[in-house]
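Just passing along the structure, written as C-alpha cells.
Here the chain labels run A, B, C, D and E in written order, and each chain numbers its own residues starting at 1.
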Amino acid sequence: MKLEREVAAETIKIQARKVQVHYGTNHALKDVDVDILSKNVTAFIGPSGCGKSTFLRCLNRMNDTVASAKVSGSILLDGADIYDPRVDPVQLRAKVGMVFQKPNPFPKSIYDNVAYGPKIHGLTRSKAELDEVVESCLRKAALWNEVKDRLQSPGTGLSGGQQQRLCIARAIATSPEVLLMDEPCSALDPIATAQVEELIDELRSQFSVVIVTHSMQQAARVSQRTAFFHLGHLVEYGETGTIFTNPKDPRTESYITGRIG
Amino acid sequence: MKLEREVAAETIKIQARKVQVHYGTNHALKDVDVDILSKNVTAFIGPSGCGKSTFLRCLNRMNDTVASAKVSGSILLDGADIYDPRVDPVQLRAKVGMVFQKPNPFPKSIYDNVAYGPKIHGLTRSKAELDEVVESCLRKAALWNEVKDRLQSPGTGLSGGQQQRLCIARAIATSPEVLLMDEPCSALDPIATAQVEELIDELRSQFSVVIVTHSMQQAARVSQRTAFFHLGHLVEYGETGTIFTNPKDPRTESYITGRIG
Amino acid sequence: MSIGLLSLILLALATAGYLVARTRAVASAGGDARRLHSLPAFHGRLTAMSVLVPAAVILILWLIFEGFAIRGAALSQLKPSDVPDGSTMDLIMSDVGRIADGLNQLEARGTELAPLLASPDALAAALKDVGVAQGGAPTPDTILAAQASREALRTSRIGLSIVTLAAAVAGLVLVLRRITPEFRARNATEALSMWLLIGASLIAVGTTLGIVLSLLSETLHFFRLYDFRDFFFNLTWNPKFTGGSDLGIWPLIWGTIYVSAIALAVAVPIGLFSAVYLAEYASKRTRAYVKPLIEILAGIPTIVYGLFALVTVGPLLRDWISIPMGIGNSSSSVMTAGLVMGIMVIPFVSSLSDDIINAVPQSLRDGSLGLGATPSETIRQVVLPAALPGIVGAILLAASRAIGETMIVVLGAGAAAQLSLNPFEAMTTVTVKIVSQLTGDTEFNSPETLVAFALGLTLFTLTLCLNIVALIIVRKYREQYE
Amino acid sequence: MTDMTDHPLLMPDARTKARNAAERRFRAYGLTAITLALAALVWLLVSIFSAGLPAFKQTFITFPVTLDAATLDKSGKLDPVEMAKVTTIGYGKLIDKAFAAEIEAKGIAHEVKPKELGDMISEQAGASLRDMVLANPALVGQTIQFQALANGRIDGYFKGRVTMETASRDKNTSPEKLALADKLRDAGVIAVKLNPGFLTMSDASDKRPEAAGLGVAILGSLYMVVIVLCLALPIGVAASVYLEEFAPKNTFTDIIEVNIANLAAVPSIVYGILGLAIFINFAGLPQSAPIVGGLVLTLMTLPRIIIPTRAALKAVPPSIRDAALGVGASKLQTVTHHVLPLAAPGILTGTIIGLAQALGESAPLLLIGMVAFVKDFPGLPPQGLFDPAAALPVQIYNWTQRGDPGFVERASGAIIVLLVFLVVMNAAAIYLRRKYERRW
Amino acid sequence: SARDQLQIAGSSTVLPYATIVAEAFGEQGSFPTPVVEGGGSGAGRAALCKGVGEDTIDIANSSSKIKQSDIDTCAANGVTDIMEIRIGYDGIVFASDIAGPDFALTPAAVYSAIGAKVAKDGALADNAAKTWTDVDAAFPAQDILMLIPGSKHGTREVFDIKLLEEGCKATGAYDLYLATAEGADDKEKGANALKACHTLRTDGVQVEIDGDYTETLSRLDANKQAVGVFGLSFYENNTDKLKVATINGVVPSVETIASGDYPVSRPLFMYVKKQHIGVIPGLKEYLQFFLSEDMVGADGALVAYGLVADPEVEKVRAMIDAEEVMAPLQ
C-alpha cells in the first residue's frame, strides 16, 4: 500500500482512514484505510456480508439514515473530511452519487425517475434540455430501447434488471464526481452488463467510479484498482492486475481462487 | 422439442401451454409452451425484461397479486390445471415455492422468517423440531454461520446477499415440490453461489427446481434443461447441453455468444 | 328456552366442537398432524364457526321476523269494529302488545290468569299493578288477541330453539364427519371468515341506509310543509318562533364551507408539518412523547374549545385585527371558530399522516437522498406522494370532524346565518342548526323543527360529492410503491 | 486539511445555499407546527387545570350530631320501614340544630340570624345523614362526629370564587356568614379537604353544586366506551381488511369506500336520530341506557376507525404480501400474520382518535335520552347496561349550563377527569403503537 | 320488567326546577329519583306524544303552551289523556356587566335599539342608532349590543310579544307598518304588521344566542358593553357578575313578577301522560310533590331558586288530585 500513497499525492479523490462501522453491537467494518483515485474505477470484492455495501454507504454518508449505524474514522473527499459537521451531506451526495444494491425506483414514471436528479439540482434549463438528458442517460444505461415507448408508465412496473438500469440512469443523470455502484449488474444479462461496463469505462474519463461486484471477471475487466474485504477488514488493496495475479494476502488468494467465501 | 415430449410422458411436473401474459397493454409473454420435468433443474435464461420472472410468477400464480396482469393459456401441475377455479392457490404455492428476484425478508427476526412456513403448514410438532428445521435450512442456504448468533435480530438488517440467502432458506423450509428461484445468486459471492448451487443439486434428487439466471455458466453448471426467452417468446427449450453447444435458433446462439441482449 | 340460555348452549357446543374437532383431526391423521391438509386448529375453528355462525344468523333473522308473525296472529283475532273512533289499528295493536307483555309478567309473578282473562276490568287493574300502561281499556277482543300473540310467541320461541339447535348440531356433525386428513378445513374456515368480513363491511352500508331512511321520511314531511324551492333557492335563513320563517339553506352551507375551510387552512399545514417533522426529523424519543401529546388535542371536550374561542380568541381577534382594520367589531366570527376548530383537528391530520409517512419504505428515501436531494425535497417529492392516499384520508377525516362540530361554532362563530365574505363576521353552520332546530322549544311538527332533517340530508349529499372528488383525486395522483 | 474553509465541499454554491435554506425553512416549519400545536395544548391544559383542580377539594364542616331517637325512630323498634319515613327535611333540622349548638359551644360570636345558620351547610347533609342512619340503625341515640359539606357559597369563599363584596349582593349568602365561616375555620370546624365524593357521588341539582359528583357519569362512560371498543375495533378492522385486501376492485366497492368516508362526515347528532330510530323505536331498547349510547357511538366511531385502517393497510408494501403468499400462506394468514401487525400503528391511531371522539361526544346522546339528570347508579353489567346512566361529556355539558357558578369549577374538574380517563384508556394503545412501529 | 323510575324530558328552562324536585323526591325514599332530561320543549312534547307505555316518557316539561299539532300527534299515537299543569312563571330579565352603567329599559327603548326600522319624522327609516344615547339621551353613551335568545327559544316568543310588539306600538312604528301592510282584511294586516315589528337589525347590534344563559354570560364577559337576556333564577345566582335592568321602572323579582308589575314573564308547564298514572310508580306523587308547599310555597325550594310560583297554585293542586285532563285548545 505504500506505493499508492506516493503516486496518489495529487489524484486521491477519497481518502478513508481507520473507518469503523458498528450496527448496534455488530462491528461490521474494522479499521478500513482506502484511497480512491480520481479518474479511476475501483472495485470492491469480498464474500457476502463482509462490509462492502457498508463501506460504500460510508463514502456518501448514506449510513446517516440507518439509526443503528455508528461510523468513526475519517473520510476525506478532495481533502475535506466528509464527516465534518460543517459538511452538508446533501452537497456531498450530489458529488458522490450512488446506485443501490436493491433497485429502488421511485413510484413515479420512468421519465420522472431519471429527471428527478437534474430537476432538484437545477441542471437543465428547459424541458427540451431535460428530455435530452433523460434520453441520453437511459441510452447510456442501455434501457432506452426497452422503455422509450412507455416513459410515462411507472418505474416500479419494470422487470428487475430494467429497474437496476433505471437506477443507474437516475444516478448518472446528476453527473456526480464519484459514482458508487453496489452490484450494478447483478440482475443484468451479459449484453446489458457489457453495456454498463462500457458506460463505467466512459465515466472513468472524467469521474471516479467505485463498483461492488461479486464477479472477479467483472472486477478484472473494468477496474484499475481492487479492494478485497473480508469479515469487515480491508484485507488487501491495490492495482487490479496485481491483486488478481499476485495477491499478497493468503486470504485474497483463497478468495480469488474460490476457496473461502 | 419433440424429443423431450416423448421422454417426459411420465415425469412432466409442470406443463405450460400457450401461456400469455399482459400487463395492461404490455404484452409481456407470448404463447409460451414449456414442460418442466420432475427431479430436474430447469434454467430460464434470456435478456433482461424478456419475461422470465413473469413466467416464473405464472407457475405458482403469484401474478394473481398484480392487478394489471392478465394470464391466459393453461398450466398443468401434475396434470391438473392450476388456473382452474377449484384450485386453491394457497395449496399450490405451498407445493410450488418461490424465491423472489428482489430479496423480501419479513420485517421479523431471522428465526421467524425461516420458521414461518413450517409453522403455518404445521410441519413440525415441537419447538425443538422447529429449531432444527430452521438451523438445517439456514445451513443449506449457507447462512447459518453468519447469523447463528443473531437469530433474533431482524431479517431486514442483513446485507443484500444475506437477505437473498435468507429468502432461499425460507423457501426451502416448507419443502415444496417445485422450487422457483428468480436469480437466487445474483448478490452472492462465488463461494456462496457454489453452496447454493450445491443445494440446488441436492434438491433435485427429490424436487423440481426452476432457476432464472443471467449467468450462462451457472445455467450450464446446475441445470439439465434450459429455456431461452426473448422479447416475451420462448425461443428455444431443451437439454442444457444441446442449448449451449448446439442451439437451433440463431437468436439463442447470438445470445449465448454475447451478441444480442 | 330463553335467548340467553340458548346462546350459552350454543357457545358450549362450539367450544366442545372445537376441542373434539382438533383431536379428531389429529387422530384421523394417525397422530401426525403433518399429514393434515390444514392445521388441527383450523378444524377446530371451522367446527366452532359452523356451530355458531348459522345458528346466530338464524337466531337474529328469526328475532327480526318473528314480530310480523306474532302481529299477524294477534290481528287475526281483531275485527274492524274493535277500532274505536279516532283510534287506529296500530294503536290497538300496541295495546295488545302491552297486554300480552303484562300477562307474561303476571304469569311470572304466579298470578292466576284465568279470572283476569275473563274480566277486562280486573285485568286493567292487574296490569296497572305490574306497571303496564294502557292506551285504552282492555276489551274481550284485545284480550283474545293478546292471548293469541302470546301463544304465537311461545310457539315461535320453541320453534326458534329447535331450529337453531338443530342448525348448530347439524353444523357440528357435518364438519366432524368430514374431518379427514385431506379435508380443507382452512379453506372452509377462511370462506366462512370472509362472510364475517363482508358482514362487517355491510354494517357500514346498513348505517348509511339507516341514516338516509331515518332522515328521508321527515324530510319529505318537511317539504310538504315548506316549499323545496324556498329551501334550496332562498338566500335567507331566518326562522321565527311563531312560524312564517325563511329557511333558505345557502347561508348555512356557506358558513359550513367557510368555517371548515379556515379550520383546514389551520390544521392541514400545522398537522402535516408536524407529521413530517415527527416522522422524518424528530428523534424516536421525541416522537414517542409528542405524538400522544398532540393527540390529546382531539380528546379535549369541544366545550373547552368553544369557551376558548369565546373568551380568548374572539376578543383577541376583534381587538387586534378586525377593529384596527375596520372590518367588523364582532367577537364571534368565522375566523374565531375556524382557528379554534383547526387546533382541535390538528391530531387528525398529524397522527394519521405520521403513521402513513412512517410506513413509506426507507429504500425510497435512500434513493432520493442518494441523488443528493435534501430531506425536505425527498419528503415533498417522494415520500408525500407515496403517502398520498393516507394523507387525503386524514384530511378528509379532519374535514368531517370540522363539518360535524357544533359547540365551537355556537360559541365561536355565533348564531347569525348570513352570506358574507368577511371572515370577521358571525356566521353559523348546517350542523349547528340541525342541533338547535331539533332541540328548541317549537313544536316538533313545524317546519322550523323538521328542517333539521332536510338539512341533514342535504349535508349528507354534499359531503358525498366532496368524498367522490377526493377519491378521484387520490386515484389520479396516487403513487403505488412496492 | 489545514485550510479547509475554501474547500468546495464547505463552500456551497448559490443553488445549494438556497436549497439548504429551503431545507432549514422546511424544518423550521415542522418545528413551528409542533410548537404551535403543543402551545395550544399547554394553554388549554393550563386553563382546564387551573379552573378544574379546585373541584377535587371541598369545604367540609365537622361537628357532633346527636341522633335523637325521638325524632328518628318514633316507634323505637329500629324498624327500617318506619325509620325510612323520616325524610331528609327531618334530618336537616336535626343537623341545623346541632350546628347552632356547636357554634354556641365553641363560643363563637357572629351576626348571622339564627334561622339562617343552617344555610351554611349543604342541603345534601340531611340526605347523607339519613343514608348513614338507615344503613346503620344502631347509630340512633348516639352522638356522632358528622362531617357535612359546606354550602357552595361558603366553599366558593374558601376557594376565592366568592368575596365579601360579591356576597353583599348575593341573596344566597351574606358577608356575615362568610365572617362566621372564617371564625369557624380558625376554630377547626370548617376545613377544605380532598373530596373523593367528586368522583363517587352522583349528580346533584342546581341547589347543591357542592354535592355534585361524577360517579354515574364515569360508570356510564366506562360502559359505553367498553362497548365501543369491543364492537367498533373488531368490526372496523374486519371491514377494512375485507375492503382493502379481499374485495374485488369495482364500482360497488368504490361506492362502499366513498360511503364510509362520507359516514365520517355525518354530524354526530344524526347518529342520534339513527339510534333513536333503530335501537329505541325499532329494537325496543330502553331510553337513557348505556347500551344504546354505546351502540350509537359504535356506529359513529366505525368510519373513524375504518378510514385510518384502510390507509394503513394500503401503506404496507406489496412485496411483504408476496413474500408470505410465496411460502404458501393464505391471504387471510398473510393479512393477520404480516399485514395487520405492520398496519397496527395506523389502526391504533384510528382507535385512539375514534375513541377520543366517542368519549367526548354528547350530541348523539341528546336524542337517546342520555343528556339527563340521573341520580341513581346503574347496576353491574350486563343488566346495568340497560339502566339509565349519564356520561362524562353529558355531565360536563349539563354543568356548564347550570346557573350556579359553583358548577363552572365542577365542569372543569369533570373535564380533567375525562382527560385522565382518555389518557388511561389510550395508554395501552399508545404503548402498543410504539411497539409495532417499524421502518422497512 | 316495568320501569320503576319516572322519565321526564323537555324544556331546559324547567330543567333546573325539575331536577331540584326530582332530587328531593328521590330523597323521600319512597320512589327512585326520576330521570330528567333537557332537550327542549318541542323535543320533550314530541317524546311525550310518541305513544303509551313504559318505553315512552311520562312528563314533558314545556316553557310554552302545547300546540295543536302536538296534540294531534299525541292522539294519533294513542296518547289521548294529557294533563296540563302550570307550575309557575319564568321571569325574563335584562342584565349587563356589573361594572357597567345602570339601564332603565322600556319596550320602546328596546325596539328603538334593535328594531329594523324605526319611525322617524312620520316615516319608517332604517334604524341607525349606534349608541344607547342615540336611542334616548338618558341612556349611557355606550355602543348598543343586545344578546337576545335565538329563534328556537321559548323566551324569544315572549321577547317578541312583550317587548318588540309593545315597543313597536309605543314608538309608532306599528302604525306605519300597518299603513303599508298587505292583507285581505284588517286582522290579517294587523298580524302582518306585528310580524314586521319582529324584524331586527342585522348589522351586528343584536346577537342571537343559540345556547343557554351561561353562553350569554360568557359573551357578556367578552363584550362588556352588551346587554343580555337571562332567566330570573340564573340572574339571582350570578348577582356578583350581573347588573339587572329595570323595565318600565320595575326591578324584576319573584314578587314583582308574581304581582304582574314586571311585564316580561312566561308560564311554565308540565304535560303529563295520564295513562301512566297508577302504572309508573310515583307519577302522581311526583306531581303532588312538585306543587307542594315545600317546593312552591313562599319558603319553598323552587321559589328560593327563582321560580315565580303560580298565584293560582291551589287550583292546580286540585286539578292534580282529580287527575283532570286538559281541555281542547281554543
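The rule we apply is simple: contacts are C-beta pairs under 8 Å (C-beta built on N, C-alpha and C of every residue); 3 or more make two chains touch, one makes a residue touch a chain.
The chain list, named the UniProt way, goes like this: A, B = Phosphate ABC transporter ATP-binding protein; C = Phosphate transport system permease protein; D = Phosphate transport system permease protein PstA.
Given the structure is predicted, the values throughout are model-derived calculations rather than measurements.
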Which chains are shared contacts of chain C and chain E? D
Identify the chains adjacent to both chain A and chain E in the sense defined at the top. C, D
Dominant chain pairing [most C-beta pairs in contact]: C-D
Need the central chain here, defined by C-alpha centroid distance to the all-chain C-alpha centroid. C
Taking each chain's centre as the mean of its Cα atoms, which chain lies farthest from chain A? E
Chain centre separation in whole Å, for chain C relative to chain A (CA means): 56
So the centre of each chain is just the mean of its C-alpha atoms; given that, what is the distance between chain B and chain C in Å? 49
Expressed in whole Å, how far the mean CA point of chain A lies from that of chain D is 59
Please tell me the distance, in whole Å, between the geometric centres of chain A and chain B computed from their C-alpha atoms. 29
Shared-contact residues (touching 2 or more other chains) in chain A: 90-92, 94-95, 102, 120-121
Two or more partner chains touched - positions in chain D: 19-20, 23, 318-319, 330-331, 342, 366-367, 400, 440
Per-residue multi-chain contacts in chain E, two or more chains: 3, 38-39, 43
Can you give me every chain pair that touches, using the contact definition above? A-B, A-C, A-D, B-C, B-D, C-D, C-E, D-E
Over in the complex, which chain E residues touch chain C? Could you list them? 1-4, 11, 38-43, 45-46, 49, 51-54, 62-64, 66-67, 69-70, 72-73, 75-80, 150-154, 156-157, 160, 195, 198, 202, 204, 207-211, 215, 218-219, 221-223, 273, 275-276, 278-281
Hey, which residues of chain E end up touching chain D in the complex? 3, 5, 7, 9, 12, 15-16, 18-20, 22-24, 26-29, 32-33, 35-39, 43, 50, 55, 57, 212-214, 231, 233-234, 236-241, 294, 301, 304-306
Residue ranges of chain A in contact with chain C within the complex: 60, 62, 65, 67, 89-95, 97-98, 100, 102, 104-108, 116-117, 120-121, 154, 156, 167, 170-171, 174, 176
List the residues on chain A that touch chain B in their complex, please. 23, 26, 45-49, 53-54, 68, 101-103, 142, 146, 150, 153, 157-162, 164-165, 182-183, 186-195, 214, 216, 255, 258-261
Of chain C, residues touching chain D in the complex: 186-187, 190, 193-194, 196-198, 200-201, 203-205, 207-208, 210-211, 213-215, 269-274, 276-278, 281-282, 288, 290, 292-305, 308, 343, 346-348, 350-352, 354-356, 358-362, 374-377, 379-380, 387, 389-390, 393-394, 396-397, 399-401, 403-404, 406, 430-431, 434-435, 438-439, 453, 456, 459-460, 463-464, 466-468, 470-471, 480-482
